[in-house]
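Which chain is which? They are A, B and C, in the order written, and residues in each are numbered from 1.
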């Protein structure tokens, strides 16, 4: 089957394209990209005026919970959530039970205990051309902290973990990446001291990359107190940081120091979140809010251009993970994310495709969302609020 | 502004003469003021009690101990407010023992009798008086409990829709009793 | 007439609390604080009567739900409830991270099904009262939540200070001790700064909360500076297990650097009040001579606790119905 996406704005930074193009999909692959492409009677034509056509978004950091915790998320609900959020591929984190070790990415969910263990991991992963992705954190400095150590932690009487707790892990990773010559990737970076370490490492030519989650470039620790005090949907690790950290993440995204946006999608059943704050599990769902937050807070706020957003969500994740994708090249798999940049989005936790509803963004009104998600040539998600029929 | 009609039923002079008359009745009935003590129900009952104490002193030369009773914590309608806050409570001050005293309980208006019931309950928690006599400036009828005043300033037949306002120099700046017809509540 | 009739015939500016719950001092306005303290004045008089009981909360059920051991606070609440004629129910639940019991939400909903009017909650987790207030119809009174707040303690402290000093505004209050882990400190800072006191906090830097000055207080680790010309000195309990966390090297060292001694007290105003929320560690944060000395109001604090809790119970008693009707 052939499908023609006609008249949309194609943003494909890998091929240096940002302009109106037609895209012809033949079966599972992109057949042609060009202006006023001819088509035959058997081709399904979609008019994509006003929409933005991007290489499929890749979420580097997702917890799908299956096997072991299917009450939170299954592969089926997790992938439904992913395509509804505009993601054509997700990298699953292996904190499942039993460990899902099919993932072709070497990832250390929990901070590696010792420097020697991290060194070995870096050396070994290099054999496959893989980075080591680490949740950077110094366990003793974290202690039993549940939120960012700052004014709001003190105000609410919650135990804090300082930004230095993360930065210490980042600094260690940077030093060992330099030592081994391997690639080190900082997962869900949140602290300005971590960003400083990453910038210095990049300047020194050390192979370090980093990702930031939408909640860390949107919220601050003030969300712990308002609008709902002690809302456990504000509890994640790394925690929501103070304004200076959030602003640093925005700066890093704008100036290119930050390589990727990843959701750290962490579904939890409402029962588990309806407990005392310090007893609630860390994490929020993020797959279905990432694109609206990125468009609203980054693109429409004037911090970055759309092409940069596509780099953060597609080009760079593919490059860092060394997986296919990240471009709309002719012959490539037809993994395509179509954006409606001005559609009004109202986040409704109850309507999320994810099995879990733990989001702090319930009720938020944002500008810009996903119009459709095409995976391997098949439209797996179409937003009813946009004009695209597919 | 609600459409209200009001009539002054006692003026300052009338109130003064009434209190003097009640003071004489007290002396006569109790054969002096020995063992008597006045307890006013907050707010206006307290000031009426103090005035009576002053008049009794003029008549007999003797000081009658005077106290103030806040009955809020004894009200039976405390939790029944459909809307609105709890009543503000004030301090109860009875700086003498009421044991074996004849207590003259003073209130401004006697109506359903519920305030008096609460005042009696409150008073009895302070000790065991020899007796309690009730003094009111105005009795407006419509009793819901078997309570009767021993000394009445003025019997004032009223409709339940009407309201009786006792105004005193100490709290309101002037002395008068006003009957108000409330057209809209 | 008794000499403490200052506020008697003045109408307080606030006549009700806006919330159905007392979750913390953070939510109270200065007017509401004054209303509670004025009401406590009256309640204290009730406690001096031969029959120390009034029928105000007759037919109301109050549940004292305590997830942390507490003799002082629970007893104080229970006496307050009984003096107001409420029916009281004490539930003490030992919490352990090892034993997986019912969730707090389920415990609360089960209690709610039995129609209590108020729940007094003590819990080791900060924000536990906020969780309950979101899921319960009953009025929730915070009797101490984790390291967050202990509002009735701050109210009784304020009541005790006001009793002696007439007002809180302009007083220098020095609070000395474990500032990081203390819910008493947090509630006191909030209350005293709202009421215009000059609050100084003092403790080892290891026990100083982040951004403490953002709370509107002066902070120092120099105890002499904190105590100098103070009208009120409030000593906080040092939890002995903190020593293991390397917050300070030894109890002896702590006493030498921060302990309240008669010598240090002489730096304060001549009519200084010495306060302690209890239970005290004699010879750690406070010398016995000071605790038992003429400036100590520690037992007044305990006595006033009952009056203040009666005031809070009374003022919140109508709250739930208030909300339903609105």
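One rule holds in what follows: a residue touches a chain if its C-beta (ideal position, glycine included) is under 8 Å from a C-beta of that chain, and two chains touch if they have at least 3 such contacts.
Since the structure is predicted, the reported quantities are computational estimates derived from the model, not experimental observations.
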Of all chains shown, the one whose Cα mean is least distant from the combined Cα mean is C
What chain lies farthest away from subunit B once each centre is taken as the mean of the Cα atoms? A
Centroid from C-alpha atoms only, then distance subunit A to subunit C, rounded to Å. What do you get? 45
Distance from the CA centroid of subunit A to that of subunit B, rounded to the nearest Å? 75
Averaged over CA atoms, how far is the centre of subunit B from the centre of subunit C? Could you give it in whole Å? 39
Subunit B residues touching subunit C - in the complex, by the definition given at the top: 70, 72-74, 78-79, 81-86, 88-93, 95, 121-122, 125-127
So, in the complex, the side of subunit A touching subunit C is made of residues 149-151, 153-160, 228-230, 271, 274-279
Which of the residues in subunit C end up touching subunit B in this complex? 1-2, 5, 8-9, 11-12, 15-17, 35, 39, 41-42, 45-46, 49-51, 53-56, 59-60, 84, 314-315, 317-318, 321-322, 325-326
What does subunit C use to touch subunit A in their complex? 26, 103-105, 123, 125-128, 130-131, 134-135, 145-149, 183, 186, 209-212, 214-215
